[in-house]
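Going by the order they are written in, the chains are A, B, C, D, E and F; count residues from 1 in each one.
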Amino acid sequence: MPLTIAVARERAPGEKRVALSPESARRFKDLGAELRIEAGAGLSSHFVDADYADVASAHSLEETYAGADVILRVSPPSPEEIAAMPVGSVLIGLLRPFELPARLDALNGRRITAFALELLPRISRAQSMDVLSSQGACAGYQSGLIAAARCAKFFPMLTTASGTVRPARVLVIGAGVAGLQAIATCRRLGAAVEAYDVRAAAREQIESLGAKFVDTGVQADGAGGYARDLSAVEKLQQAERLARAVAAADVVITTAAVPGKAAPVIVTEEMVAQMRHGALIVDLAAETGGNCALTQPGEHVDVGGVHIHGPLHLASRMPTHASDLYARNLYNFLSPWVREGQLAFDGADEILAGALLCRDGSTVHPLVKHVLGEA
Amino acid sequence: MDPVLTLYIFMLAAVAGFEIIARVPVILHTPLMSGSNFIHGVVVVGAMIVLGSADSMLEKAIGFFAVALGAANAAGGYVVTERMLAMFRSKGEGK
Amino acid sequence: MTLPAFVQGAWFAGALFFIFGLKGMSSPASARRGIIVAGYGMLTAIAGTFLIPGLQNIGLIAIALGLGSAVAWLSGARVKMTDMPQMVAIYNGMGGGAAAAIAAVEFVKGDTHDLATTALAVLGALIGAVSFTGSCIAWAKLQGVLRKAVRLPAQNALNVLLALGTVALGLATVMLAPARPELVCAFFALALILGLVVTLPIGGADMPVVISLFNAFTGLAVGFEGYVLGNPALIIAGIVVGAAGTLLTQLMAKAMNRPISNILFVPMAAAGSGAAVEGEQKEIGAMDVAALMRYADRVIIVPGYGMAVAHAQHKVWEMTELLEEAGVEVKFAIHPVAGRMPGHMNVLLAEAGVPYDKIFDLDEINGEFAQADVALVIGANDVVNPAARSDKSSPIYGMPILNADMARNVIVVKRGKGSGYSGVENALFYSDNCQMLYGDAQPMAGEIIQHLKAMG
Amino acid sequence: MPLTIAVARERAPGEKRVALSPESARRFKDLGAELRIEAGAGLSSHFVDADYADVASAHSLEETYAGADVILRVSPPSPEEIAAMPVGSVLIGLLRPFELPARLDALNGRRITAFALELLPRISRAQSMDVLSSQGACAGYQSGLIAAARCAKFFPMLTTASGTVRPARVLVIGAGVAGLQAIATCRRLGAAVEAYDVRAAAREQIESLGAKFVDTGVQADGAGGYARDLSAVEKLQQAERLARAVAAADVVITTAAVPGKAAPVIVTEEMVAQMRHGALIVDLAAETGGNCALTQPGEHVDVGGVHIHGPLHLASRMPTHASDLYARNLYNFLSPWVREGQLAFDGADEILAGALLCRDGSTVHPLVKHVLGEA
Amino acid sequence: MTLPAFVQGAWFAGALFFIFGLKGMSSPASARRGIIVAGYGMLTAIAGTFLIPGLQNIGLIAIALGLGSAVAWLSGARVKMTDMPQMVAIYNGMGGGAAAAIAAVEFVKGDTHDLATTALAVLGALIGAVSFTGSCIAWAKLQGVLRKAVRLPAQNALNVLLALGTVALGLATVMLAPARPELVCAFFALALILGLVVTLPIGGADMPVVISLFNAFTGLAVGFEGYVLGNPALIIAGIVVGAAGTLLTQLMAKAMNRPISNILFVPMAAAGSGAAVEGEQKEIGAMDVAALMRYADRVIIVPGYGMAVAHAQHKVWEMTELLEEAGVEVKFAIHPVAGRMPGHMNVLLAEAGVPYDKIFDLDEINGEFAQADVALVIGANDVVNPAARSDKSSPIYGMPILNADMARNVIVVKRGKGSGYSGVENALFYSDNCQMLYGDAQPMAGEIIQHLKAMG
Amino acid sequence: MDPVLTLYIFMLAAVAGFEIIARVPVILHTPLMSGSNFIHGVVVVGAMIVLGSADSMLEKAIGFFAVALGAANAAGGYVVTERMLAMFRSKGEGK
């Protein structure tokens, strides 16, 4: 019997993406896999059921997952969803490994082989599977749009018969995948963009997009292209120089993150107090606590005329393309191991090993074990 | 003078003249006219030769006239051209 | 005529210097060095001449040299920049005169020459004499001594007749060697008159082309007399100038859109001098626009709807960058209603990557036009129309405008005589300090860029 | 006693603009006028009271308007507001002259000299007072941002490790001030933009912004740079060609308007039915009924997966700059007639005459009289 | 030597044609017309020569002409394009030989000439002979007949000694007129050997420069023999080629970064031919990149992070537009991870206004590189690194790459030897079909643009 | 021949040669080398003159040799150059 891949409708609130796109479905088919999708699963991404030609349709969660070999998901499964998964099946998705030990226990209880795509090693070969990059790009783009749409001013400079409008000043903190995309989006709209990141290479990257680099003198390159935690002294120095840039900005977009940790607080209450009435903060790190001390994840707060947005599910704001990219990532992750309709993982593969969260009833990822052991 | 060789010289000089001027910006037209005006001031050399071998009064008179005119051509051509071209000093040299 | 090697060497060096000097002068970057090199050539050639063994009348020569050069040097050094063209004319005339005089002495001497030599002597004399009187007239006109274009009845016919007569006398002189004094005198007289008559009817506006033509003539005359005297340095200098001058004359005539034959034979207006040119749009070429801006200190660019239509913004910005590299200060002046929507120009300039700090609005920049060397108006029209300031009947009266007209030079890039959004004529285009670069803004900007690059 | 200019807080729902900006206040002062502003009037535009230096502050509507010579407003006054205006005072603002005869009666009842800026003749000299242009630019820009933010796809083309994303296709209908600004905004974001307008000159204008012109073969230039109504045949031809463009678009932005009339219906129900699931319509003409047959002004409806937005008060989404420009327009309109602190209108002036709606107790504008007479 | 006017005229015309032909050949647009014009010059000059009154041995001349030209024509028309350089060498050598032979005949004849004439005859013979044997060696090396660079012991000293000896014999020949046969024979022998010995140690890679040098030599030799024969056409053709050839040799040596003296006196490696050049990054100039693309049919541009760093996108697009105007098909190939963020290149190309339909992603375009004449890699590195395909140990192994290496010519624009994001070396840069244009991408693109424009 | 005049001719020819080559794209280096190689093939004219006035057997032999070599230079130079430059036909002419 060929490999069966099952995709259920995402049930997490606010989640509009889907783990299978009509295109990735077609490609899986070509590999000889059997596909099963829950009816209406793609609708919130604007893929109607008819778009999934040749894909078997199921009408409940249980029906979808029954007998599946591989389950593809976007967000982590709820206890009920885990309960519906066949024992020993393979689960691939964004599983938030550092978040909920109970979830891992439930997965291990069903001896599920779980790959958490957040843990994917960032090596060149893995780039085509890198959901953090693809979804980060969506999030960064959306943050730029939110900033522009919510800003009380024009982003671009305009010389009009009613006078000249100066370009808005945007400050982007954290120039990773999302931050760079935010910079590009704001620059496209004509804003005067400054940006800041602790990584040394970020300066050139920021400038390559036509933005100005805010030099605070702090550098913190960590392993694997990620940033490391900052020391107290560094934090102070960073804060002092950044405060000035924040006070001058019409819009601040923050995207700083350190993997496996809560987001660093960079924009403090005092800094917010120095901002002008009508200024705006868009905090992309809201999901992990926020880079701004006053951010309320998922909320929109007004602190003395300064609006602070902590948007969640940014990629879900553009579900069609976000799902498209996500589904292709999944395809690229899985397809090397599907031969003649059968799944055959190579345990020694660097990428598989890096992303493997649970197997044979226990959590195997060292960093996750370490972090959760700590907590 | 050997007419054949001289013909070649005429030809080559004409080619050189055309080649050199072929691509010149309009803003240089007037200075260049002036500069080439200076160059044919070399007629003064011819006038000097003539006056230098003049014997009769008439010859001397015309020769004197010729040298003076030629010298005026050369000297005037130079000053005027130099003044016009001073405009083209590169910024580095200061204005 | 076997002269010592140092004399020949000096002349040879002179010829070399002339060639390299002229070459230098043909590019703005080296032009100044060029005239200096040529100057050394002249000194070398003159010095060598003094060393001719058995040179007579050295005192006379020195006096003549001193006199001629002193007068010319002083007058040339004092004259106003705007009066330069007539000075070039008069110096050129003197060169022609000298060439003619050399031929005259040869005739007076009565040495027998072979046919070719005599022919070239006569030809040189003819051309030199025409150039002499012609240049004098040119000078007189430009200097304002002669105010009217004097057009004789049946001018063209007269010209032809006179020319034929002179040539006939010249032929006679050549054939009936040794030279008969009456003939020679008549020949010179007719040649001088020919120069006068041909030049008199030509209008002041055409004079630069005519001066250039006489300049080429003098070069030829010098070259021919060089042959007569057996002096290759004279030949080369003369012929190089003759060739270069001919080409230059053509280029100038082309730049003025006036075929040379037209200038010489069909004067623009029987009585007019240059007055007819006023009230016309004056055309300019991309190379001149490039040179004008390259050697300016301050340039202000005024973009308008035409820049948008032509999608010329990227080219315009590239041009700006080149100018700035050359040390020119360039600013963009954006009129509040340039284009067809609020902020139209901003969208385009942002797309091209023009930094915001180079973009100024009307209030910020209007005071600066008076200090600008060049205002480059690219596809704008209404927003620089001075009628808005003064003409109450104009539909755009009362709209604030960019004072582009106050700049030293105004260059307008547009495709043709099209009017702007409001459909009114723009007097700026006809004003004295304004020149038009006709064409689609994008290729035009491209051409300017090309020329700027060639200027290094 | 010098001229007194009064500005009250805008009370219309959704209106965040204010008729006086700190900058225009400064300029009026320089002309020798007295100013009075209601406390907090600028706050929704992010002008705090302290920004209005030297401006007298009033604490109620009545206190604000009492004894005022000139009243500046953004939106038309409510009956209560009219009641607070001194008899014989001058009112300047966007008065929606064609809308509510009762409002005109109320104004005439108090013998108010009312200038409706919608009626400003579009001559060159009036451009600096042209609020339709300045607010239209804001609306056009916002519509582009809304379209981008609500679109389920990326606007720009992106080539990423997860595959290539094709640029979104945007169709802008109506290329007036707002339409052109919408085109520019979408183009800035990288969308493939097509646009359409009935005016012949629009083609060049559209192309000057790098968009493609949709040629339907219908031209309808009217007086004063506005469009005229279309004949039935023309409408049919237009509709047929446009339908194809609409069906291909991811986003349709409509801005078509004919002054003094309801907005023409251009996107019909059938056209909407042809659009793909997840496509988007942003209807800028919602205030005058909408260019799409299914538009609900101020609402956001989902018709078979096609989202139709009919946003109102678009300029109020960027209140700081919208107010800035609006206030400068008002200053430019009024200032030529203020000499030594006194108001002296020249009745013969083309602009004043054109904008004059009511005077000496009666409605004087011919077109308004004509249209209202008709209705 | 008074020749009839038609002979002189034919030669004069020939000289004129040569000058205009050479001028034509110096620009790509007119190059082909140039060689044809020069060809007419040659025919004219030869035809004129046949008309010399009293020309003897006409039969012999005709046979020699027919024989020489038939053999050369056939061989030249058949040879493969890649073998052209050695053909040029051998033809050039023949010219040198002809010049030397002319001198030899003069010596055999024993006519007495003045000192200058004899000196030039000898000098021409010397240069011609050296050029003859030298060119033959160059041919043999390039043709593969001679495979090794033969380096004699104390090569440089030997060269100098031989040269001095030859010159001494030459001087003796000049001084001891009439020519003594032994001396003359020894002189010729030594000159021929000199050419051999000087050329033997030079490596194949340097040969084009050497051929160009011998070409200039032959030109001079022809010019000098022209003086001996009193034929100005020969003088002019010879000297023009001598001067042009000298400049050309310098330009070529500069383009190869090898001073001429280095080539002649310090051969690259005692035993190596061109092997040492392999495994090196080969540099190229902007002008060549421009010409290569201008005359290509299909160009694919691969932008990378370096284009972003340099902000070169506007220039790159301008360059593209110029190429397209010239009829070249240009496409942009965007690698999925080019740059530093998803869609980095898209942002930049959109900013520059590159239309979407010219932008292709990896899957769409990878098949087209094999048909491309030029792949222009601008500031990209990892994304075109073939190691990703084959080298399992490389950190980028398994990443799909753009097959730029499959293009006929690969040009890489980067600042230096910097590696990319992954820090690995790129074997593409060392491959045979790849050349490097070093410099910041923006000014480099600017230079390419400038050269493209100059090519019209 | 007059040595002074010839000197001028040498000078002018050299100037012309330099001027013409001064700005030539590298891609034309080889064709241009080949083209100038063809031009000095005019040595065949010299060789013809020499052979045309040759009397002794030796003179004739060397002369014959010279003419053949010169002709080869000219003919070969032409074909080769023409073939190389055929690459530069403008697109309009078709490939």
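Following the convention adopted for this analysis, a residue touches a chain if its C-beta (ideal position, glycine included) is under 8 Å from a C-beta of that chain, and two chains touch if they have at least 3 such contacts.
Remember, predicted model here, so these are calculated numbers, not experimental data.
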Required steps from chain A to chain D (each step between touching chains, minimum): 1
Remotest chain, chain A as reference, centres from CA atoms: B
Chain copies touching (chain C, chain E) - same or different residues, decided at half shared: same
Between chain C and chain E, centroid-to-centroid distance (C-alpha), Å: 41
Whole-Å gap separating chain C and chain D, where each centre is the average of the chain's CA atoms: 57
Whole-Å separation of chain centres (CA-atom averages), chain A against chain B: 78
Multi-chain contact residues (two or more partners), chain A: 127-128, 133-134, 137, 156, 158, 160-163, 165, 188, 190, 210
Junction residues of chain E - those touching two or more other chains: 19, 23, 232, 236, 311, 336-337, 342-343, 347, 350-351, 353
Junction residues of chain B - those touching two or more other chains: 1, 5-6, 8-9, 12-13, 15-16, 19-20
Which pairs of chains touch, using the document's own definition: A-C, A-D, A-E, B-C, B-E, B-F, C-D, C-E, C-F, D-E, E-F
Chain B residues within the chain C interface of the complex: 1, 3, 6, 9-10, 13-18, 20-56, 58-60, 62-92, 95
Chain E residues touching chain D - in the complex, by the definition given at the top: 334-338, 342-343, 345-347, 350, 353, 356, 359, 361-362
Parts of chain E lying in touch with chain A, wherever the complex brings them together: 305, 308-309, 311, 336-337, 339-344, 347, 350-351, 382, 388, 395-400, 422
List of chain A residues in touch with chain E within their complex: 123-125, 127-128, 133-134, 136-137, 140, 177, 180-181, 184, 187-188, 204-205, 207-210
Touching residues on chain F, where the partner in the complex is chain B: 1-2, 5-6, 8-9, 12-13, 15-16, 19-20
